[in-house]
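See the structures that follow.
Both of the next two complexes hold chain A, though its partner changes from chain B to chain C.
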Partner chain A sequence: MPLLPAVALLALFMLGPVLWSFYGSFTNAALTGVNAANPDWVGLDNYRKLFADPDFPKAIWLTVVFVFASAVVGQNVLGVLLAMLMRSSQKIIRVVVGTLIVTAWILPEIVAAFAAYAFFSKEGSLNSLLAIVGITGKSWLYATPMLAVILANVWRGTAFSMMVYSAALNDVPPEITEAATVDGAGGYKRLIYITLPMIRRSISTNLMLTTLQTLSVFTLIYVMTAGGPGTNSSTLPILAYQQAFKFAQVGYGTAIATIMLIIGGVFAVIYIRTLKPEVD
Partner chain B sequence: MRLAKPLVALTAAISLIGLAGCGGSDDSSDSKTVKIAYQKFGNFTQADELFQGVKKEFEAANPGTTVELVPIEASQNDYFTKLALMNRSASTAPDLMYEDTFMIKSDVEAGYLAPLDDYLKDWSDWSLYLDAAKQAGKGDDGKTYGVSMGTDTRALWYNKEVFAAAGLPTEWAPKTWDDVLEAARTIKASDPSVIPFNMYSGKPMGEASVMQGFEMLEYGTGGTLYDEASSKWVVGNPDFIDSLGFVNTVFSEGLAPTAEQALDANIGNTVASDWLPNNKLGIALDGSWMGGTWMESGGTPWAKWTDVMGVAPMPTKNGDAPGSVSMSGGWTLAVGAKSKNPELAFKVLTTAMNAKNSLAFTIDNSQIAVRSDVAADPSYTAANPTIKAFTDLVAVTHFRPATSDYAQISNAIQVAMESVMTGQQTPEEAAAAYDKAVIGVVGEENTTSGS
Partner chain C sequence: MSQMTIAAPRQRFARGASNTILIIIGLCFLVPLGWILFASFDTRATLAVEWPKNLSIDNFTAIMTVDQTWRPLWNSTLLSTGAAVITVLASILAAYPLSRFAMRFNKPFMYAVLFGTCLPITAMMVPVYSLFVRLNLLDSLWGTVFFMAATSLPMAIWMTKNFMDGVPISLEEAAWTDGASAMVTLRAVVLPLMRPGLAVVFIFVFIQAWGNFFVPFVLLLSPEKQPAAVSIFAFFGQHGAVAYGQLAAFSLIYSIPVLGLYVLVSRFTGSSFAMSGAVKG
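Take a look at the complex of A and B:
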């Protein structure tokens, strides 16, 4: 009974749209033209068309690269490193570094995206800084769009991982670490055999959260590169937006959204299987 | 749980609010309110000025009525999307909307627009409209859905100061594509810091790349994208390769902006507000509305523009008849099919399009007049010295295929242009990829071989 309100809200605002989108992916619903007034059931046509589209495998690949590089590696590894470094540093450094990192995270996404755009664009702050030391920077958003959006997403998202890991590290009982030190374990061995296994559940949760969030990043990429040049940074959310709202093919766009849902599910299963958060 | 009951009640209440929002049972536009949706973006503020005035004028003349303005701040592609989304639900659908002629047919099919024939027959001004303009507002069923606010054409704008500095004639009239390229090469040779020639190209500029850029070439080869007679898209078209060849020439020889500059989504504003006024660009393939940007009411007033800028028609490829080519579009006012009071909406339309407002909008927005009274008004021709040159192009102009899959075809053209301008593909490869994309969009049975 106490769960009922939560379940009702979830059903209304989460499950409803998901089911509607799933249903939409089997129709030829459109924003304009005759299919806007009377969409038809087209079965698996959208999926057939999608798998025949050369942009689609590229978008999947870019999405996986983006998620793996910016969320799995970037945010998580950097987050755990920062959390550990902050534990052993002085308070003043902790406060200054912590504030700087969290600033990126509390910025609204659109503001963070503009800031990243201003940083990486041809006449942006990165190239101005490089010019001071005599290096002519290239046009990062044009020459290396994926690298730029990955770095931007790492910058924006690391604070979250850092805070999760700071909390987790505080829960590691100091006696165990001390006991390991007495037994002769060095810093590296303590990390691998004691600390990481003990915060395994936080790692699993955090990986899941950052992956799912990064999978659906749209504003950041759209503002910085709009998926270009060409389709060189068109991840699945960008592709879905383009099909649904630029070409008015809503049914086809929702088919892409459904694929995203499946990819998110696959990642979730992998994390739960490999990190076994329920086993203690 | 003591909390459970209030929580359940709260949840139920929230759900109800949510459902009510979806259902659209209540809405602000009662039958005495007319909601107008239009675009307001960057340098384009003329529609906003028009409707601000219309609101005052109409509300004063019709006490008890309200005109609600909904300026949509979005680029052209996003404007279509937002308008379509508004039109989907009765609670958000506008009563009156600023509608591209070219979206009319597919929006009629979607059931967004109301036919105006019953109202038009009692509106005396309707007889002043040119036949071509009346045609542009028709749906496939032959009924009229939009009242034209003006049309436009496209041509070569050239900067006479840049031309003079390069030793080129300041009264310029190229006869072939090669003449255009020669002039660009001359500018490049005389001053490498000046960009000789600009045509929009690639995905960031969207439809502008296709209509102001590619189609100005393609329709000058004698070829076409879409065979109107058989209602089929043309593939395997050698003219298509020629047009991409021109794109390849200007970008690979450095006669155009660098690919990076050209792929900046803001290049349209840069051309109008920086490059041309500051003599950084020689020739721009662009629209008749450019002059409006430089007039006092425009986004970038430039007093000297009438002396500095010249207009030359875009020649056909080899100078074949009719010698020059242009593309036309134009916008209309249309009444929404979901309007509670279409009659009142049409009344607002007639206020917005009365002689005084039509004249002001045509001049401010550098439109080509579609009403005989506006065309005959001395202030129309006096306001803008380039208007005659652009009006003359109506004789050789073309319209885009107005089918509902055009947006996807247009995207395939943008992709082809982009891969040629960046050197990723040769024109032949890009044309082959385009053919494949077109077949993917419309199906093999809706294509025809060009040769």
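Take a look at the complex of A and C:
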């Protein structure tokens, strides 16, 4: 049966951890010591603790802000804008700017995180550029950590949306926009009534994919702010990691992971059911 | 842009505006990237982007040691190649029946695969850690390779099946008539015809594994097994505050392979926007 290797790998390393996550969230597993080897069944204790912990609703809120601002708004709006600008610009500019944007996306995530860290640091590029125009910049990573990681994620991830929208715009038949022009529709009206409705399928697909990707961003935030200062930029992935490995509460961290898996799973089901991607 | 050849003044204005906005956005994207490049050639680099005060390759020569650069890069190569080879083999085998034979479980299986591509892998790392402790796979290179292969498998099966669907079935029917078995046909007829597609899948998995930080960060503990992504982070923690130049130099060396592979894959697919098509829903 040729499907066997794939099924075995998926069962052991994808389904296994998911099931283990549900099981582990009901135990008091620790990183070291007695409870690491033989964790006890504690029922819903982790979840009770989780919902009583003020850091948890805060992390959910920060995750929502991060996903909404950087993926739904940032990457998608900038992605559409770039895709459209590229159609009406000079080839050399298109190629150079496109290469820069794709480079930020294709770099290893840790390198991208260093670059963003350097950019937003107190002695970093942003502040040295602001100094040229006479503004004394703040220490962005401490003063506005969420803003910094959101902008960094837009910088890092917009290439994907730009490429999806470029492909989608290429599929819009030019006759239709030309007909609208003849009928007297200006650029703005053409965009709202013709172009965007024509690519709406790409828009919803891309919104979903960028949401799911951004939901699981860890490295960028961990390197730039480590979730700090305090827990001011601790999104759910960071919180789960810190609870499990910094505070050695693996069971508790697993409960957070389980909640994230459920959120991701719900989004995935919505995506598959509403958009019905072709499977045949 | 053929309709733009006889440009009306208004269109010329629009083009000028597009160019200007694009250049401004491009500069915003350039500055953080430029820092890596300039700082790596500057022995007295700071966190701000600037033309090297002290242009030299000393940063590169300083990090050219086994512990600092060569072993982590070798580990990255092992991890990424291992994951890519396993993923490509498993997805070829899985994609063949899915693409060629109409079976009852095809549809549910492909939906499950699609669901798998959507799951947030970072969310799983805490349970994966405790599962690996149980299975005694923690700090094992092979365990990490198989985990990385499994997590990239859903996307790889999806891509491989799409590439395989593009190979016409009539050639195989001829081979079957001549008495070749399904596996022989797969190897001798189908695979040679989809070589560029397989290269795309291989490079796609390789780039993902090469750039992955979180998975080896959690699963590999001993420094001599850690790939470049993790060792560079340790370096940042230990010397980050002083040796920005060396950090940037290491980042640059570590990034070059994936940048090169990306250029290669855009040759295969004939578009500089390679890979977006593969992920398009």
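In this text, the second predicted complex is superposed on the first by the 251 of 280 C-alpha atoms of A that agree within 3 Å, B and C clash if a C-alpha of one lies under 4 Å from a C-alpha of the other, contacts with A are read in each partner's own complex, and residues count from 1 in each chain.
As a convention for this text, a contact is a pair of C-beta atoms (placed from the backbone, for glycine too) under 8 Å apart; a residue touches a chain by one contact, two chains touch by 3 or more.
The structure displayed is predicted, hence computed values, not measured ones.
*Asks:* Please tell me which partner, chain B or chain C, touches more residues of chain A.
*Replies:* C
*Asks:* Examine A:240 and indicate which partner it touches, taking first as chain B and second as chain C; both and neither are also allowed.
*Replies:* After superposing on A, A:240 lies in contact with chain C but is clear of chain B.
*Asks:* Taking the superposition on A as described, I'd like to know which of chain B and chain C A:260 touches: first, second, both or neither.
*Replies:* second
*Asks:* Of the partners chain B and chain C, which touch A:226 in the superposed model: first, second, both, neither?
*Replies:* So A:226 only meets chain B here.
*Asks:* Touch check for A:106: first (chain B), second (chain C), both, or neither?
*Replies:* The answer is second: A:106 touches chain C but not chain B.
*Asks:* For A:192, select first, second, both or neither according to whether it touches chain B, chain C, the two together, or no partner.
*Replies:* In the superposition, A:192 contacts neither chain B nor chain C.
*Asks:* Give one of first, second, both or neither to describe whether A:13 is in contact with chain B, with chain C, with both, or with none.
*Replies:* Both: A:13 reaches chain B and chain C.
*Asks:* For A:118, using the defined touch cut-off, is the partner it touches chain B, chain C, both, or neither? Pick first, second, both or neither.
*Replies:* Only chain C is touched by A:118; chain B is not.
*Asks:* Which partner does A:269 contact after superposing on A: first (chain B), second (chain C), both, neither?
*Replies:* A:269: touches chain C, not chain B.
*Asks:* With both complexes superposed on chain A, which partner does A:155 reach: first (chain B), second (chain C), both or neither?
*Replies:* In the superposed model, A:155 contacts chain C only, not chain B.
*Asks:* By the touch definition above, which chain A residues appear in both interfaces, chain B in one complex and chain C in the other?
*Replies:* 2, 4-5, 9, 12-13, 36, 245
*Asks:* Considering the complex alone, what residue numbers of chain A touch chain C?
*Replies:* For this pair, the touching residues of chain A are 2-7, 9-10, 12-14, 16-18, 20-21, 24, 29, 36, 78, 82, 85-90, 93-104, 106-111, 114-116, 118-119, 121, 123-129, 155, 160, 163-164, 166-167, 174, 187, 202, 205-206, 208-209, 212, 215-219, 223, 236-237, 240-241, 244-245, 250, 253-254, 256-258, 260-261, 264-265, 267-269, 271-272, 275, 277, 279-280.
*Asks:* So in the complex, the part of chain B that touches chain A is made up of which residues?
*Replies:* 1, 3-4, 7-8, 10-12, 14-15, 18, 77-78, 80-81, 84-85, 88, 103, 106-107, 109-112, 202-204, 260, 263, 265, 404-405, 407-408, 411, 415, 418-419, 422, 424, 440
*Asks:* Write out the stretch or stretches of chain C touching chain A in their complex.
*Replies:* The contact residues of chain C facing chain A are 1, 3-4, 14-15, 18-19, 21-23, 25-26, 28-33, 35-36, 39, 46-50, 86, 89-91, 93-94, 96-98, 106-107, 109-111, 114-116, 118-131, 133, 146-147, 149-151, 153-154, 157, 183, 207, 210-214, 218, 229, 232-233, 236, 244, 247-248, 251, 254-255, 258-259, 262, 272-273, 275-277, 279-281.
*Asks:* Please output the residues of chain A touching chain B within their complex, sorted ascending.
*Replies:* 1-2, 4-5, 8-9, 12-13, 30-37, 49, 52-53, 122, 139, 142, 226, 228-230, 245-249
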